[in-house]
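Have a look at this one before I ask anything.
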Amino acid sequence: MPPRQTTDIGKERRAQPREAGQARWRTALTSIAPNKILIRGYPVDEMMGRLSFAEAVYLLLMGELPTPAIGRMFNAILVSSLDHGVTPPSTLAARNVATTGAPMKDSVAAGVLAFGPHHGGDIESCMRFLDSGLAIVRSGKSLQEAATTLVEAFIEDGQVPPGFGHRFHTRDPRAARLFQMALELELEGEHVRMLRGIERALESHHEGFGRVLPVNVDGAIAAISADLGFAYDLGNAVFLISRLPGLIAHAHEERTRQTPMRQIDPKDHDYDGSGERRLPEGRK
Amino acid sequence: MPPRQTTDIGKERRAQPREAGQARWRTALTSIAPNKILIRGYPVDEMMGRLSFAEAVYLLLMGELPTPAIGRMFNAILVSSLDHGVTPPSTLAARNVATTGAPMKDSVAAGVLAFGPHHGGDIESCMRFLDSGLAIVRSGKSLQEAATTLVEAFIEDGQVPPGFGHRFHTRDPRAARLFQMALELELEGEHVRMLRGIERALESHHEGFGRVLPVNVDGAIAAISADLGFAYDLGNAVFLISRLPGLIAHAHEERTRQTPMRQIDPKDHDYDGSGERRLPEGRK
Amino acid sequence: MPPRQTTDIGKERRAQPREAGQARWRTALTSIAPNKILIRGYPVDEMMGRLSFAEAVYLLLMGELPTPAIGRMFNAILVSSLDHGVTPPSTLAARNVATTGAPMKDSVAAGVLAFGPHHGGDIESCMRFLDSGLAIVRSGKSLQEAATTLVEAFIEDGQVPPGFGHRFHTRDPRAARLFQMALELELEGEHVRMLRGIERALESHHEGFGRVLPVNVDGAIAAISADLGFAYDLGNAVFLISRLPGLIAHAHEERTRQTPMRQIDPKDHDYDGSGERRLPEGRK
Amino acid sequence: MPPRQTTDIGKERRAQPREAGQARWRTALTSIAPNKILIRGYPVDEMMGRLSFAEAVYLLLMGELPTPAIGRMFNAILVSSLDHGVTPPSTLAARNVATTGAPMKDSVAAGVLAFGPHHGGDIESCMRFLDSGLAIVRSGKSLQEAATTLVEAFIEDGQVPPGFGHRFHTRDPRAARLFQMALELELEGEHVRMLRGIERALESHHEGFGRVLPVNVDGAIAAISADLGFAYDLGNAVFLISRLPGLIAHAHEERTRQTPMRQIDPKDHDYDGSGERRLPEGRK
């Protein structure tokens, strides 16, 4: 597993001096020669059929092949946020662009822009939040003391900690499944433990928030991604990759099932798709 | 395999009458209830760990689970266009946004916007092109007659047919691998056959273009996606999904390895990543 | 007035050969030297305070200073589409991005992406439509015959001609004012006359559409911009410039008056701003 | 002049409680009735021909008509950043999208996304920076003491204060002209004075930065916009409005003068437009 990047990128960059005499800039991702494309050193045509898309994405972002366990975990993380129906602002932004007859990619770009601090951005915030707790631990406190310190600071500020609470779900089924898999695949690390500690502190302080704040899917992705070694901005990017097909599916449905230039009311809709069903036994 | 949507969406929508008395609008993608998220009827937490991300994406876009063969094919399609180095306009757009200190998602959105008609958009154009050839076949011509008719029209217009030719590769290794897999997985259909016919017609007419025009990765994705039943705009969207992680990797590299507000010269760079290597034997 | 560019950009570019031996690429817009910025040859600091913003925009886009009459006309064109309330898809896309806590520029970009073919894009379509009418005139028909030919083709296709009809207004006050100003400033040309001819043809054929189709603000901008010599894509761009402040105002209002992550219902709102008022006499 | 909004929007929003029982949401910008469009209470068709575009923008953003002096100042602010040649990342992002054959609006959106913290975002940062200086003044220090405190903090951090320094100009002609106009139009206020104090402190501390840091156009726009009462995010938005036509002009030039899918080198170009010229005497 590559070492975790925990530096605050935005902060340091402004002061970073330009390297003198650096004539050419450098890239370590992909090298192209006639009839040959190497991604992180591996021929892309050799990757095709041998790596799942999620494993290939992990390789590109992290620089090394995932272990099979990490490959399964990363596939599950990407599946977890695939779609959340028609009401999220990202879906509505994508549909509002689609209704004007704009190209598919324009709907996608508008949807991506709606993954702001309050919508997906919680992953990066939660990764930083967990690291701040681990910094307290490293200064000599117990994990639970650190968690309590963090939670009390949020209560004082009247804020909800990132990665907790959901406007709709009281127990986020995606978070539960991600933690179950991390346990089974033996991928739990200090960030998942820190998150669990915060969860316990929130339970014992729930009257400070006026409501129960269960961990949500963003919190689960944040903790597991941090344990896998993802940098802050890549943690957030994982959410973008996961959600992109949902934006596409909604834009396509808007284009094919609705009239153009309609006023899209987020409340006034019915689901008319497949009823609940189970995966066939054969699927693992 | 679901029936193929071949209608030209843009054209018909303008005339489509609003359904009278349709009080609520409808969606068939995802249904949300407290603590339950069903995508095309399947609980998302049940999909996690059991479907690869690519299979889940196929389900969301097409409405039904892929067969294992289609699942493998679709994973390979998504891997094929993962990244193409620093020189494509989409990568440069993403890096130019990253150098200003903008959020990751802004780089991604700018990169997505660069997937215009000449860059990725060829997939949709090629799907339409293949369907126009198949329409000629259905009118009574042989496949090779249809292919020749199409190619001669392009020579007359001084245009290159979509899905053929590459500014860099003379034999696109990604296209070759996709066709090999389609053959092995028994997923070749009439669109792949039409593409093959056009390839032959281009060879015998290559002097009309002044150069050889081998099929490229866009052409391969177009033909196979069309045989899988993807609608035109979804064929294009597949390319977006495939390429998104590349945009993210370049934006991340720009943020972490380069100084802000630099002038990004697409020619003046060196590759300093891993040397060429092979996948371990264990990987299928 | 510079000569009108009427070529269809998209079509011809693909075939255009790369100029051999062109070592450096060229730009004619702005030249920068230390402490000196020349826009189309004029020092920008000399333009400040002497040209209105609209006149400076005209200079940048068209290459020459506008006459005072064109300057007034162009200011009015830009004012005409400044804002159209909360219901257009562009406004809703911008607000849906704003509600996620994203930066202002992200709301703006999402709003811009919603200016698709059915929303603002009518300007470019209408410019092309008027030119197709003028081409018929140049082939020997009278203006009214040309208009009738065009209108009958749209009736046959079941389409509404671009620049006509409005889902809300039966007489678009912005179009009326633009035509009045074009008349007073003696800026009417063949495109305005062609539009007037089509308006008459639509009146006498209104039963073919099942409703009256008055000229709308897009049609008025299209005709006047074409007479001023704007290229097709710049006609559309004029609408972008005009509408940008509206996107900004709505994103700002969303950020300052609403709670984050709300579901934005386009119908469920009240206006609580200033009552109707008149400009003071002193304003021209 | 409306009262200045100085609250930190992002911070407070998360905690803001949703108003109970608020059935309908409210907007104060524009009201639409059949054949009537009122912007801040004024009929848009009455504004056309009577207000310059810049004055109409000011009205929409600020809620009230500008005085003639503010109208002139705001026109000049918008002219100041109209274009800065081919090398800024925003221009390159727009051109990289244009070279793919994407619609004009896609180039514009990509360019807008490149107005990140280091590129245009300095306006908002500088407004906050000036307000932090004024807060020190209100706590009892002199303006020059406050300026020195701020400057010394930046030296310690190894950072350049927002609104100062330019990678190209040693004396930004746009800043000089904006300050001259603010003086002549009697629109200087405490933010301009604070900026002047910081300028003096930077001169006497220039060895701390290793170079002279003159005020740049972003700093001038920030100080004057703050004195005019613009909120932080609107100060930034003013730059977006100013720069949009430049993005459009570059995208249009890319589409009409260059071959598609070219690699855009920011250094390798020549200017071949009009030579330096002067505005005719008649222009004010």
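In this document, chain identifiers A, B, C and D correspond to the written order of the chains, with residue numbering beginning at 1 in each.
Following the convention adopted for this analysis, contacts are C-beta pairs under 8 Å (C-beta built on N, C-alpha and C of every residue); 3 or more make two chains touch, one makes a residue touch a chain.
Since this is a predicted model, take the numbers as computed values, not measurements.
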| field | Co-neighbours of chain C and chain A - touch as defined | value | B, D
| More C-beta contacts across A-D or across A-B? | A-B
| message | By mean C-alpha position, what chain is farthest away from chain B? | response | D
| said: Assuming a repeat means more than half of the contact pairs shared by residue number, which candidate in A-C, A-D or C-D repeats B-C? | reply: A-D
| said: Only C-alpha atoms count here: how many degrees separate chain C from chain D in terms of the superposing rotation, rounded to the nearest 5? | reply: 180
| remark: Whole-angstrom distance, CA centroid of chain A to CA centroid of chain B, is 24
| query | From the C-alpha centre of chain B to that of chain D, how far is it in Å? | reply | 39
| message | Between chain A and chain D, what distance separates the C-alpha centroids? Give it in angstrom. | response | 33
| Among the residues of chain D, which are close enough to touch at least two other chains? | 10, 14, 87, 101-103, 105-106, 109-110, 113, 115-118, 260, 264-265
| field | Touch-based graph of the chains, sorted into line, ring, star, complete or other | value | complete
| query | Taking the complex as given, what residues does chain C use to touch chain B? | reply | 10, 14-15, 102-103, 105-106, 109, 113, 117-118, 157-160
| request: Provide the residue numbers of chain A that touch chain C in the complex, in ascending order. | output: 87, 89-90, 92-93, 96-97, 99-103, 106-107, 109-110, 113-121, 167, 260-261, 263-267
| note | Per the touch rule above, chain B residues touching chain A in the complex are 5, 9-10, 13-14, 16-18, 23-32, 34-54, 56-57, 60-61, 63, 65, 72, 75-76, 78-80, 82-87, 101, 104-106, 108-110, 112-113, 115-116, 168-174, 176-178, 181, 231, 233-234, 236-237, 240-242, 244-246, 248-253, 255-260, 262, 264-265, 268-280, 283-284
